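Next come two complexes built around chain A: one with chain B, the other with chain C.
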Partner chain A sequence: MTKPRVRWHIAVFLAPAVLIYSAVMIFPLFNTLRLALYSRVDQERIFTGLDNFRTLFFDPIWAEQFWNALGNNFWFFLVHMLVQNPIGIALAAILSHPRLRFAALYRSAIFIPTILSFVIIGFAWKLILSPIWGIAPSMLDAVGLKSLFAPWLGKEEYALTTLALISVWQFVGIPMMLIYAALLSIPEEILEAGEIDGITGLAAFWKIKLPLILPSIGIISILTFVGNFNAFDLIYASQGALAGPDYSTDILGTFMYRTFFGFQLQLGDPHMGSAIAGAMFAIILVGVCIYLFGIQTRMRRYQL
Partner chain B sequence: MLRKSLTIALTTTALTATAAWAEDVTLTIESWRNDDLTLWQDKIIPAFEAKHPGIKVKFTPSAPAEYNAVLNSKLDAGSAGDLITCRPFDASLALFEAGHLADLDDMEAMNNFSDVAKSAWQTDDGSASFCVPMASVIHGFIYNADAFAELGIDAPETEAEFFAALDKIREDGTYIPMAMGTNDQWEAATMGYNNIGPNYWKGEEGRRALIAGEQKLTDEAWTAPYATLAKWAPYLGDGYEAQTYPDSQNLFTLGRAAIYPAGSWEISGFNTQADFQMGAFKPPVQNAGDTCYISDHTDIGIGMNAATDHPEAAKTFLAWVGSPEFASIFGNALPGFFPLSKEPVELADPLAKEFVSWRGECESTIRSTYQILSRGTPNLENETWGASVAAIKGTASPEELGAKLQDGLASWYAPQQ
Partner chain C sequence: MNKARTNPLNAFAMHGALILYTLIALFPVFVILINSFKTRKAIFREPLALPDADSFSMIGYQTALKQGDFFLYFQNSLIVTVASLALVLLFGAMAAYALSEYRFKGNTLMGLYLALGIMIPIRIGTVAILEMMVATGLVNTLWALILVYTAQGLPLAVFILSEFMKQVSDDLKNAGRIDGLSEYTIFFRLVLPLVRPAMATVAVFNMIPIWNDLWFPLILAPAEETKTLTLGSQVFIGQFVTDWNAVLSALSMAILPVLILYVIFSRQLIRGITSGAVK
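And then the complex of A and B:
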């Protein structure tokens, strides 16, 4: 009996990815979690266990900021789920219509903002919405709706929703593309079979296409969730690290940045910052788990 | 042991090998002022090198936002320059406490500076100074002199005159009375609260009393400036809530706004941008004849890396920075950044001259939140930004703001508990 051959090539082929991924992702992740268990007292780093987390969740000053950021983050996510994804699906459905002309042009035009830098998006929209130089007030004026204009980015009650909608505008191309690809992969025969049974037009979308693209919608939801709870750039580029006005646009990312690196006279505190990063990690992990075990396993799949 | 003798051997060879040109010492300066690179290269360094042959100076700035982080890692790695430009207060104090900055108390040049000037780079008890003060910025209001002449307004001295002038500009309607927005938040605190505030809390007297725990942020002296800020809102432009700092600067330099709550650092920028006459007035006092207080805020200092190889040369340079010659070159090349030496410097720029003349008429102080009080969480400076914005927008009353700030400060600062 011969010994089974050691299949070296598997290790060799896996090695580059495993090494690089461990070095730039796994190691920093666990090191950050470890950092959250320490604190700096008089120039010395000491182990304090879960003390930083206790401060974060139960100290009134920290807890208020944390829950405020978390609440804002959920609102940010909700706006994306309710606006970005339905619009993305609708756009994909329209684009996949066989008789639509210039479909490629629309597709590119809608997708382009996704590849722009956050800084460009932030500044461009800040200028568009500026009450002084912006084109938004004059455009509204031209149609006689000047009274509807408000300095949205400067008002506590509108700022976060405005930024969420800017982000929706930027990223609506992603759900559109994913759904578009899923729609294209639906075989013609199924639709034709439906047609013979009298299901056409809108009914075909609801009864045949939508159930078939549900797995893609699930993927998009989870991508949106992870993306939103890691968001930082747009808020930072347009409102600064203090996420004004009055912390109304503060999300976990900006809160973590401010704490970790410090801001103006506030000196950075890497340990509390890591604790916030740890909390963000836990929230995302829980969200993804709920999706994976609670939703994805129950989703019905159809053999095409 | 072996390592030590090796080092000695190496040093000796190095010394013999370089003996021919060993006198030339090169000093490197770390700084965040990359805007000033040409000024250092063309004016300051040549002036120093002409007087001190044998010492060469290199100015190597990094980007302002990265400076603190870059400097810290260089210091830890032992690769930082010999001279270090100092941020005021806690950032530099932390470097001193970590042993990166040398104690400069025994330097004679330090006597050229007042206690307020030195306070930004001292230990809390004032026992050690670690940076030579270089420059401060002064707060006040810059106005469009052409607009004032056109409307027949004089620069206001008292608060009543100030609001009368604003009313008059608003009634006329040609100009936005005052260019300031609340979007970036810091202007409201820096150019609002800490600009007009010293007149209420009597400058150093109030500031020191707050640090000592003898006054509270709920006291009349500390909440009254918020009540005054609340009166500013109607005079700011439409949609000031979303107006950013560059927006305000542009509104003023384009001649669309009449008054700009300012810091003197704006002077050189405004001189090149604005094509009208400008004037400046100091923060208005309540009643004519009251003592006036100005925020003369220490902003830049320079210290010595404790690990430098050339302490003597570095001290020579620092002593020169403390001299009137440096003050005159620096003050004139950068109007709006005022040298801190006791001896007054003759400035050429009329606007800068106006600002610096207030030092003679008023009592100087620094921003109330910068020393000691912004060390804990919540951070008093950041909280003051938010409070000043809330005061202007009218979302909270001055008393509520005072109470909130006091609670925050008392939560970590023992003298206020």
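And then the complex of A and C:
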């Protein structure tokens, strides 16, 4: 017997992907977590353990910004879960109706905002909501609701919710498509069996389809969570790095950018930036673990 | 026949809801596009009117093209997107083939390792990525962006493609082996052409986030000659905030290429998403 020869081709097939992925993604990820444990003192990098995290969580100046950004981020996520996903599911439910005409046309049109960049979206809405241009107030005027108008993006109490709704408007296409795909994969026999038992229309949706698409709703929730907790572009594009007015739209992404890169008078600090990245990593990890171990394994799956 | 399924009132309500939402989705894009072709006066006087002979003007486009190097930005975006996609597809397919075709020690572990990146966003590692790019002198080159986007796209590509490669028939590959083809020839000549639809799905999935990204161009390649279209329009608009003609034209110029690509690829994209590639 000869020894099994080394199958070099396996290594050749794997090498490029593994090298790039390890060097540009995994290594920097851990390196960032490591950098969070250092500080720069007099041009020298010294190990300070968890000091940066202590500063971030407990130092009055830092902590206020951090908890503000974290709270805003949770609100941002909540708005997505409560508005984006239900609308997406409702649209998908209508679109998947077997005898609907022009379904492909609606689907493509509703997906258009999703393909545009945050920069475009951010500015477009900024212009439309701007009191200078007056599209939003004059449209509200047309339906007699002019008194409701306010410069939403400029008011502390509305700005974050407005931005979250803009983001919802942009991304509704994703839950819509994924749920639509899930709904299409439900076999016709199941729905027919329900019909024979007298379950039709809305009842069929609540009692048959919804339980069957729960796993997809789970996936959408975790995608939304991860996406929201590393969001940055929309807020940076429409409100700038200071996430105004008065930090009311600051989320973890913008906070990390400001800290790490510096902005105006504030000097950049890569180590504090890494600490914030570490906190984001922990939050996302906890979210993903809750999903994988708490939700996904417990969800009832039906064999279709 | 079932009543609920054919009720005309129901159909009416469904179309009503869809039309309403379609209008909401398209309205801002429409307003930006029509106003970019109008004079400054017309933009403010009748923002919702279509441009006519009186109000038509290309002044915004002239300013934007003179002041910002939009062709260069566009070219940069195109190079970065195409190169990253090519690398993601090639390396992703190779790794997916290794994982799905051969049994070797650590196969499952390697699969899990590569799948880590699906859930963890690469942005978390930005600080160290910037440090590495500075150390290797890649800052302000398109290569920095290409490498980052390749790394970002690989996990999902490997995951999706290996699902598809498992479906390629063993008989075909074994026939190739009997004919004396090398493993490389089997992969490139027999397997790759068969998973082309899956590759297209991966490509459209990766295209949009790469093209639209603002974070990495802002941090890794903010120099004038490496600006991507997204960053370029962001900076341009920031400088010309008060010149509404220029801002609206810049926005339109950023929207149009994506919109055209979307019209061409939308069928592929939607089929990709709904074919259950993401489970």
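What we mean here is this: the second predicted complex is superposed on the first by the 291 of 304 C-alpha atoms of A that agree within 3 Å, B and C clash if a C-alpha of one lies under 4 Å from a C-alpha of the other, contacts with A are read in each partner's own complex, and residues count from 1 in each chain.
Keep in mind that, in the parts below, a contact is a pair of C-beta atoms (placed from the backbone, for glycine too) under 8 Å apart; a residue touches a chain by one contact, two chains touch by 3 or more.
Because the structure is a prediction, the values reported are computed rather than measured.
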item	value
Partner chain(s) touched by A:Leu116 [first = chain B, second = chain C, both, neither]	second
Which superposed partner A:Phe57 touches (first chain B, second chain C, both, neither)	neither
Touching partner for A:Phe205 - first (chain B), second (chain C), both, neither	neither
Touched partner set for A:Ile284, first chain B, second chain C, both or neither	second
First (chain B), second (chain C), both or neither touched by A:Trp133	both
Touched partner set for A:Trp75, first chain B, second chain C, both or neither	neither
Superposed model, chain A: greater residue contact from chain B or chain C	C
Residues of chain A contacting chain B in one complex and chain C in the other	133, 261
Partner chain C, residues of chain A touching it in the complex	7, 9-10, 12-14, 16-18, 20-21, 23-29, 31-32, 35, 87, 90-91, 94-95, 97-102, 104, 106-121, 123-125, 127-128, 133-135, 138, 169, 172, 177-178, 180-181, 184-185, 195, 200-201, 219, 222, 226, 230, 232-233, 236-237, 253, 256-257, 260-261, 270, 273-274, 277, 280-281, 284-285, 288
Chain B - residues contacting chain A, complex	69, 89-91, 94, 97-98, 181-186, 237-244, 247, 251, 369-370, 374-375, 377-379, 381-382, 385-386, 389-390, 393, 395, 408, 411
In the complex, chain C residues that touch chain A	2-6, 10-11, 14-15, 17-19, 21-22, 24-26, 28-29, 31-32, 43-44, 47-48, 87, 90-92, 94-95, 97-99, 102, 104, 110, 113-114, 116-117, 119-132, 147-148, 150-152, 154-155, 158, 182-184, 187, 208, 211-215, 218-219, 230, 233-234, 237, 244, 247-248, 251, 254-255, 258-259, 262, 266, 269-270, 273-276, 278
Contact set on chain A toward chain B in their complex	43, 61-62, 126, 129-133, 137, 150-156, 239-240, 242, 244-247, 261, 263-267, 269
